[in-house]
Amino acid sequence: MLELITSKLEDAANWGRKFSLFSYPFVTACCGMEFMSVAAPKYDIARFGAEFPRFSPRQSDLLMIVGTITEKQGPALRRVWEQMAEPKWVIAFGVCASTGGFYQNYHAMPGADQVVPVDVYIPGCPPRPEQVLDALIMLQDRVQRGDGHSQIRLKREKIMLAAANAEE
Amino acid sequence: MAQKVVDAVKAKFGDAVVATSSEHGDEVITVKRDKLLAIAAFLKDDPAMSFEVPVFVTAIDLAHWQPLGRRGAPDEGTRPAYDAEASDGLRFEVCYQLRSLKHRHRLRVKVQLKETDTKLPSLTPLWAGFNWQERETFDMYGIRFDGHPDLRRIYLYDEFVGYPLRKDYPKDKRQPLVRRPDLVGDH
Amino acid sequence: MADLKTLVLGKKDIADLDTETEMPHELMTVNMGPSHPAMHGTVRIVLTVDGERIVKGDVQPGYLHRCFEKEAEHATYTQIFPYTDRLNYVSPMINNCGYAMAVEKLLGITHRIPRRAEFIRVIVSEISRVTDHMTCVGASAMELGAFGPFLFLLKAREWLYTLLEEVSGARLTHSYVRVGGVGKDLPAGWLPKLAARLTETEAALAEAEQMLNLNKIFRDRMAGVGALSREDAIAWGQTGPVGRAAGIDYDVRKDHPYSVYPEFEFDVPVGTTGDCYDRYLVRVEEIKQSIRILRQAMAALPDGPVMIDDGHVALPPKAEAYNTIEGMIRHFKHIVDGIKVPAGEAYTFVEGGNGELGFFIVGDGTGRPYKCYVRSPSFVHLSTAEKIFKNHLIADIVPIFGMINMIGGECDK
């Protein structure tokens, strides 16, 4: 019974989370131009409750990695991700952030997931604004289901903690 | 248009000018390294030259230079192919592009360097704009500019080993700073 | 009583306070970036500040170094176009044109490019310049707190993107120009659309200007901030809007004319004080001049082919490639080996969105460049930032950066 209540509670919390994603745009490159377009009048990301960029990682729970990540940038990205509040989600915006794209060389990192776990990848160079909105909806589904990377990790930690307690 | 300039430099500095050429409308002079500063000062300050504007600095690594002619035969025309074995092999060519606002002419000054001795005097004291450009050339090719106020890497990080735009640096040799702890060991 | 005073003030006598009006202070180091909302792109600045005043700023670019040169050395001449798009991603068409012109110079076919292609290049370049300046002005205004103009300008930019998308198939990274011409002709009925959009763009620009030019906050934060004298600007190699705001009357389109620019009438705005407000005014005026060029180019656009008729440079027509063996082989060779460019070197420069954008290409007779250097104006302009910052307040970094208009892709290559 208790389990049922907590899982329902979890659902409700997730429902709340999915419509109030506070994003931190980690904008590095050309994709940023398209990111601007997504926020601008025609495509208007505000309709999905994710319009409010927070320029401090500590106040946000959605990291948008927009553009190429280079080796020199890696530590900064990792630091930003570590500072974000749990639970947190990550979107890789553009093929550069997903795999490195057509930059396969000594300084471009082959995808931001080398450094932080990514929940949704948006291919395209740059992705069209419609694709971005689609990805946002996919992420919302994922948040609702509770299987984002950090949600799963939190759940696993909770189970392990419970098991350890039971052993004692 | 800049032929006048080339003639003037030749007349003034004689055999400090190793070679001159004119390709696609660009005048190029190759000068000896120890005369570079004197020639540069002349180019900047002489009223007939007045190259006030620094345009760019870069280097060419000739290590793989094997030019081909029209039908795939070796090219005899321009620069000869590079021979790494030859003791006097000049591997690097540092190019300074200059422009004059007053006379609207432009000139490329080149200095050739050996692989074992990649030093040359910095022109930053003359043209402040060359500051970052020389740092970039150092970063990418490992050319050392003596007298540069602040010669350190600019694009890459200090931990990086080697000079990536040299022809012998593999294109995709990465030197990672961080990786996800849960991924390390996978590959 | 005295004891209480000692307790509260830590001093014996209240008069002692006056002798210490000068608070003991030391310099502080503040880090900005590499991910900072007011930094266009990514750059890190390590500031040494005395209170709010900047004593020294160490600007560190390179966070977006994507190795353009190394990639170019491994790609055929045609494959490099997408990489050039991503240098200055706010005005990709100009990069395309500059690069194509450099290769054409090496091939010696500069004078054989069809006239229609040249006109189309001018048209798309000028549209790109308009989008570039609008983005720069809009984003800087937004960073200073004026969100309205940003929306107006972005709305106009969206129209122009849609037009460029109709031409090239991509909204942002066009890769439209080819060596020897342009990829395809303009779509039917495109010019009237452009004409209509230009009028609307002018209106949007006027609206934005109204909100900015006499806006007290905007002026206070721009005027007199980040001034650069003409001598310094020359010594630091400044070009483009930054150089012109400082009073350098230099525009590649006028001083070293290329393509069909000599046939158009336009003015080059030049500033007097070299501060951020002048840079803003120069940019706005350049948008108007670009629209003027666009109108002339649309009126004078000649008919004819858009690709050079030369088997060494152009792809064979599709009908031939699909139906004849020779055409097929030529197509194949063209794609795999690339265009054979004779050995030699050439430096070509055009007026980019930010200034003199040059390509220095060394060919070695194969289908790939031996070296492909790009002289990026942003990099040159950013190098002066350290000098400009000095003795300004931390808050002034935002307008200074906005008006230098550093574009990460171009600055870091």
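Letters A, B and C mark the chains as written, and numbering starts fresh at 1 in each.
We take it that contacts are C-beta pairs under 8 Å (C-beta built on N, C-alpha and C of every residue); 3 or more make two chains touch, one makes a residue touch a chain.
The shown structure was predicted, so the numbers you read here are calculated from the model rather than taken from an experiment.
Trainee: Would you identify the chain whose Cα-based centre sits farthest away from the centre of subunit C?
Mentor: The most distant chain relative to subunit C turns out to be A.
Trainee: Consider the two chain pairs B-C and A-B; indicate the one with the greater count of contacting C-beta pairs.
Mentor: Between the two chain pairs, B-C has more contacting C-beta pairs.
Trainee: For subunit A and subunit C, what's the span in angstrom between their mean Cα positions?
Mentor: It comes to 30 Å between the two C-alpha centres.
Trainee: Suppose each chain is reduced to the average of its Cα coordinates; what separation in Å results between subunit A and subunit B?
Mentor: For subunit A versus subunit B, the centre distance works out to 44 Å.
Trainee: Using mean CA coordinates as chain centres, what's the gap between subunit B and subunit C in Å?
Mentor: 25
Trainee: Multi-chain contacts in subunit A: which residues touch at least two other chains?
Mentor: 72, 105-107
Trainee: In subunit C, what residues contact two or more other chains?
Mentor: In subunit C, the residues touching two or more other chains are 62, 65, 67, 70-71.
Trainee: Touching at least two other chains at once: which residues of subunit B meet that condition?
Mentor: In subunit B, the residues touching two or more other chains are 155-157, 164, 171.
Trainee: So in the complex, the part of subunit A that touches subunit B is made up of which residues?
Mentor: 71-72, 74-75, 78, 104-107, 109, 113-117
Trainee: What residues of subunit C sit close enough to touch subunit A in their complex?
Mentor: 34-35, 37, 41-42, 62-67, 70-71, 82-83, 85-86, 89-90, 135, 139, 151, 154-155, 158, 161, 171-173, 408-409
Trainee: So in the complex, which bits of subunit C are touching subunit B?
Mentor: For this pair, the touching residues of subunit C are 60-62, 65, 67, 69-71, 73-74, 105-106, 108, 232, 234-238, 248, 250, 255-256, 340, 342-347, 356, 358, 360, 362, 364-366, 370-371, 373, 375, 379-380, 382-383, 412-413.
Trainee: Under the stated contact criterion, what part of subunit B meets subunit C in this complex?
Mentor: 23-26, 52-56, 58, 60-61, 64-70, 75, 77-79, 95, 97, 101, 104, 108, 127-129, 131-133, 136, 140, 153-157, 164-165, 171
Trainee: Please name which positions on subunit A make contact with subunit C in the complex.
Mentor: Counting only subunit A, the residues touching subunit C are 26-30, 32-34, 36-37, 40-42, 53, 55, 67-68, 70, 72-73, 76-77, 80, 102-103, 105-108, 125-126, 128.
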